[in-house]
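Please go over the structures that come below.
The following pair of complexes shares a single chain, chain A, combined with chain B in the former and chain C in the latter.
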Partner chain A sequence: MAGTYASLQKLLKKCREFSLLGKISLLIILLIFLAAVWAPYISLHSHKISSGPALLPPGKGHPLGTDDLGIDLWAQLCHGARISLIVGFGTAFLAALGGGLVGIIAGYAGGWVDKVIMRLIDIMIVLPDFPLMIVLAAFLGPSVLNIIIVLALFSWVFPARIVRAQILMLKEHSFIKAAETYGAGAWYLLWKHFLPAVFPLMAVNMIRQTGRAIVSEAGLSFLGLGDPTSKSWGLIINHATSFRGIYFTEFWKWWLLYPWLALTLIVLSLAFISRELERIVNPRL
Partner chain B sequence: MGGNAVGQPHRLRFLEYGLTILIVITLNFLLPRVIPGDPFLVISSQSAAEEEIVLTAEQREFFFDYYGLDKSIGEQYVAYLGGLLRGNLGFSLYYKEPVSRIIMRRLGWTAFMVVSSLVLSTIIGSVLGCISAWHRDKWPDKFLFFKFIVLAEIPVFLLGLIILFVFAAGLGLFPLAGAVTHFARYKNCWEKIFDVLHHACLPVLVLTISRMGGMYLLSRNSMTTVLKKDYLRTARAKGLPERRVLYRHALRNALLPIVTRVFLSLGTLIGGAILVENVFAYPGLGLLMREAVRLHDYHLIQGIFLVVTLLVLLANFFADLVYAKLDPRVNQTNMQGG
Partner chain C sequence: MTVENKYLLEIKNLAVTYDHVHPPVKAVDGVSLQLRKNECLGIIGESGCGKSSLALGITGLIKGDEGTVTGEIFYKGKNLVGLPESKLKAYRWREIALVFQNSLEVLNPVLKIREQVGEPLKTHYNLSPAEIDQRVVKLLEMVGLDPHWRHHYPHQLSGGMRQRVLVAMALSCDPQLLIVDEPTTALDPLSKNEILRLLQSLQKKLGFTMLLISHDLGVIKKLTSRVMTMYCGRIVEAGLTSEVLRNPMHCYTRGLLNSSPNLFKYKDLWGIAGEPANAAAPNGGCAFYARCCQNGESCSTSRPLLKYVGLERMVACHKGGIETFLRAEGIKKTYRLKNMNVEAVKEACLEIKSGEVIALVGESGSGKSTLAHILVGVLKADAGQIFFKNKKVKGRWATKMLGGMQIIFQDPFSATSDRLRVREVVREPLDIIRWGGKKEREAEVNRVLQMVQLPVDADFLNRYCQALSGGQRQRVAIARSLITRPKLLIADEVTSMLDPSTQANLLRELKGLQNRNGFAMLYITHDLHLARKVADKVYVMYQGDIVEEGVSFEIFEKPAHFYTKQLLQESFRDLI
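Up next is the complex of A and B:
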């Protein structure tokens, strides 16, 4: 565990090497995170109950305006940030955990187990993921947990491949061989040697997966497959675009634009951060 | 099935694809049976909202019998496979029509959109990528690189929404939805073609932009690697004109990974197409899928999924074949291996 902690610290220290764009991205993610944590305190109105006239443009009292039911948009955005972050990080965590486990099993066991897992990964890669996500989400029914499970089912492949490759490489190293001859068990090797080695790559990949999961959740919600009780950003966009007459009025200039902006900002920031980290962790790319 | 297995004999690759198709079909068969709940119950229990389907007890009985849900799971599976082989994808409860016929009607629009943006994004992306690589670290490269990194990361439906609202709703330059003007009477066929293209403009543009970033980065990388190769130095040393070196020697070799990517990216592109169709209400399979989800028309959802997946798998298989033809090194390993 100490080794993993040390590599995390090293990774955090590397953030100082970020370009200006990377630093701005980091700041945006931090702000969104804080908005999500303090959502009930910084939103002036309820995010569920009407608090003014419908379709009010941004102005006094309602900084970002209201939707067709008169619900404050700023409050909806703050609470929506929670859903996006939970889905994003939840998926990334689950995918890293599951994928990491699969990768460890494949790399460590080898033989036919490895072959079967690699074939499975090959199949996962060629399958078009979004249509399959729609099918699964349609059958499982809309809820935040189901969405996370469905998204994680399509995100474990990359972590599994990284971990497997790293383990195959490490297994041949003399210090691992030495540890093994001293009687180190699989569990010990995992915590002491394998995990710290794969951690930086996994962490970078998790950030990327977080972004992808947020996008996919927004896409599914936009199609009407999101959790109808959750009010995620994608769902606000779904409501706005299915409002009759949205194209012929000015309402989209706040009702659609702000959730759009929030999603674009969070996705771009996560992408830039992972790009910067990739450059630092793996300079070859 | 990406690049790692390229060197294997074709027969094995064929087997792998067969296995994948079988898994997809089995998944499609098992999903409605494994997941708790009863699709017919869902339909019949819902209140009669505007377009919902309500089944009477007799209809329910009929469907149970029709789909053989009272038989054993093995028998059902065999019947399902047999039906698929005869092109039977099931029966849409809402449209009261065979699923295959509905899909055939809509497939054209999706194919048109996907293929045209595939061609456009590949050409534009790789040309710009090569230009970028030739001027690496000078201003054209820096400018393009930054622009495309941003474009490559913006999710396709967010890009579609903003373009729809700015160019169609705000400026009124393009139609808001659909693929043709309803009830239009065309004077001649050119007017009709213009109408179709006018409607397709924005969806194709969005899909093209969303994929161009990836294409650009790939060709930039590929070209940069090729430019460092020894044979280019040899070509220059022979005194060939720079133009010939770049177009004949460098471009040909740099195009190799781009060609395979054209087919391999089809899966992602179709995911994007589903969203873009819904943004622009373009009447392809994606819009159909959303309608099917909204109406709980499970056979239609599954039928679309199966058709889309088979098409993507076919494209991947094709990519393998093309790659083997283009790259003589693959053929060599083939002969040694098999």
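Up next is the complex of A and C:
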């Protein structure tokens, strides 16, 4: 555990080495995160009930305007950030942790265990994931937790593969063999040697997964498979696009643009951060 | 011939006690030996182990006011112990003669050589002075001394000459048994060799039986056919000289061998640690207990008896002689590559005893590392069995205990994790086996780091291994394997990354452990210079086969296999 903690600390220290783009990305993520946390305080109006005339353009009182029901868009975006972040990070955490563990098991155990897991991963990779996700989401019913589970179910394979490769390499090192001769069990090796070694990789992967998950969630919500009670960004877009003739009016300029902008910003920032971390963690790349 | 007459001399349970000093000293303690006609038996041991007392005891020269002799000495079937002085005299000189340890005081300073050598003749034969003189001249000629010296006094003679005089004196009455006490001490090599040759040729010519007492193993090797090791008045090992010197089975004998430079000139010298125990001390256990590197509980309470452990081989040890730590039988390993099979190890057998440094030499790719990995269980063998301390190795039990077996891997960069701090790496074995508390573990870390000459300050302990040099990492890896106080270390090219000074210090440290604690090591190397310096035994590996094995002085001086010859030739070409 101490090793994992140390790696985390090192990772934070490494953030200072980020390029300007990386730092800006980090700032954007931080702002979105803060907006999500303080959503009830920074949004002037409710995000659920109408607070003014419908389809008001951005202006006084309603900085980003209102939607067709007269609900404040800024409040919706702030609260939607919560859903997006929870889904994004939750999925990524679940996928990276699960995938990482599966990878460690496959790599360390080897033999038939490894073979079975690898074939399973192959199957997961060739399956068309988005349609299947839709089916699953529809089957499980709309809720944030279900979405996280469905998304995680389709994104654990990449961390698993990367971690497995890393473990296979690590396993050949004599310090692992030495520890085994002292009688170290799999649990000890996992905590003391494998996790600290693969943690940076997993962290990078996790951030990339976050971006993917946020987009996927938006996609599912856009298709109407999201939790209808929670106003996520995808759901806002869903509402906007289902507004008959929105492209003939001026409403899309705020109703559609701002959620899209928020989504793009967060995904781009995450992508930049993950690239940045990758560079630091693995200097040879 | 009756049973008693089979031997010229048979000693049963002889004890010599000097009881007029306080506390009484038991110089010879229950010695039994047999001597056939024309045989030459050597007795070795450190000074003060009772060798000379044994000689004096046999010749009946220990008087009643000095000490007591008990037991039985059968000479030609007749017990000499308890015979009155007058009867003993008939045996002395005529049957059993003693060549005293060479020193000025053995010879009477006021008598000329002629009178000294003639004295036994005068007492034992009824001869006229002229005849005596004639005999003296003959005797002196026989021992290669110019007869004119008989007119001089002992102090006018050199040490070598005096030794010849002593031999002449002992041979004056044609004895059947000659007891020679330290014939070559304090002699220069030239006169030493002359005396040895003289004794050899005289024995051939006159056919006497010889009991040779010496601590010079070179002398023993040259003259004797059987040898006994004596410690604290007891015989601890007996056997054929060539066998005992090649493969000692008592820790004490091995200690003596390791202290002798004339057996193998390249090897380091190591004395036996500790002081000889006081033989008179009333301890019921093995006399060598305090200095032995493999002493166990039973050793301090009961006295080991001299028992047969092989043909013509007896050892007095509760553990049956030097313990065998590791025995590997028929180890086989084949690597299956894409379209061929590589036989890395074919039917390898090896044995490592307590306190032995064994060098495993051979070119790269000869299967040395594979064999080492199999021994500690890192690799699985296709066939074969491994025993550690006579218990079959299965799983990790031999490597995960204190005082077990440990391996040091070849590549220090791979053997230590980049991500761990020095203290964590070194402490790891203790963490895994959950030994002691945090403080004790830290203390152990400091101990082993000092052993390998690394700093122990907090700054160094907290450094990541990534930030260490190759040599430092190698030493960290060595420290890690030493922290469990292993009894057997399998060291795969461990000093390859070290500078000569660190290498020398480390090897001396390991050799020190070997001598003090009976630590054994399988030292895998291509550096034959180093192997020659540290190894007791050598195994030569070639294309997966152990092609030659033996005591290091034999392998290095008389290699038999063509590959060994080639290897030695290539390695030592520039030097010799």
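Going forward, the second predicted complex is superposed on the first by the 282 of 285 C-alpha atoms of A that agree within 3 Å, B and C clash if a C-alpha of one lies under 4 Å from a C-alpha of the other, contacts with A are read in each partner's own complex, and residues count from 1 in each chain.
The working rule: a contact is a pair of C-beta atoms (placed from the backbone, for glycine too) under 8 Å apart; a residue touches a chain by one contact, two chains touch by 3 or more.
All figures in this text were calculated on a predicted structure; none of them were measured in a lab.
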Practice task
Could you check whether chain B and chain C clash or fit when both are placed on chain A?
Solution key: fit
Practice task
Have a look at where A:H193 lands relative to chain B and chain C in the superposition and call it first, second, both or neither.
Solution key: second
Practice task
Identify the partner contact of A:L64: answer first if only chain B is touched, second if only chain C is, both if each is, neither if none is.
Solution key: neither
Exercise for the section: With the two complexes superposed on chain A, say which partner A:I32 touches: chain B (first), chain C (second), both, or neither. Expected result: neither
Handout entry: Touching partner for A:I147 - first (chain B), second (chain C), both, neither
Key = neither
Exercise for the section: Using the superposition on chain A described above, determine whether A:H173 touches chain B (first), chain C (second), both, or neither. Expected result: second
Exercise for the section: Return first, second, both or neither, reflecting whether A:T181 touches chain B, chain C, both chains, or no partner chain. Expected result: second
Handout entry: In the superposition, chain B vs chain C on chain A residues touched
Key = B
Practice task
Could you tell me how near the closest CA atoms of chain B and chain C get once both structures are overlaid on the shared chain, in Å?
Solution key: 9
Problem - Of chain B, residues touching chain A in the complex - result: 1-2, 4-5, 16, 19-20, 23-24, 28, 31-32, 35, 37, 149-150, 153-155, 157-158, 161-162, 165, 168-169, 176, 266-268, 270-272, 274-275, 278-279, 289-290, 293-294, 298, 301-302, 304-305, 308-309, 312-313, 316
Practice task
Sort out for me which residues of chain A touch chain C in the complex.
Solution key: 3, 6-7, 172-175, 177-184, 188, 192-193, 196-197
Practice task
Spell out the part of chain C that touches chain A in their complex, as residue ranges.
Solution key: 373, 376-378, 396, 399-400, 406-407, 409-411, 414-417, 419-420, 425, 428-429, 432-433, 477, 480-481, 484
Exercise for the section: Give every residue of chain A touching chain B within the complex, in rising order. Expected result: 119, 122-123, 125-132, 134-136, 138-141, 211, 215, 218-219, 222-225, 237, 241, 247-248, 252, 256, 260, 263-264, 267-268, 271-272, 275
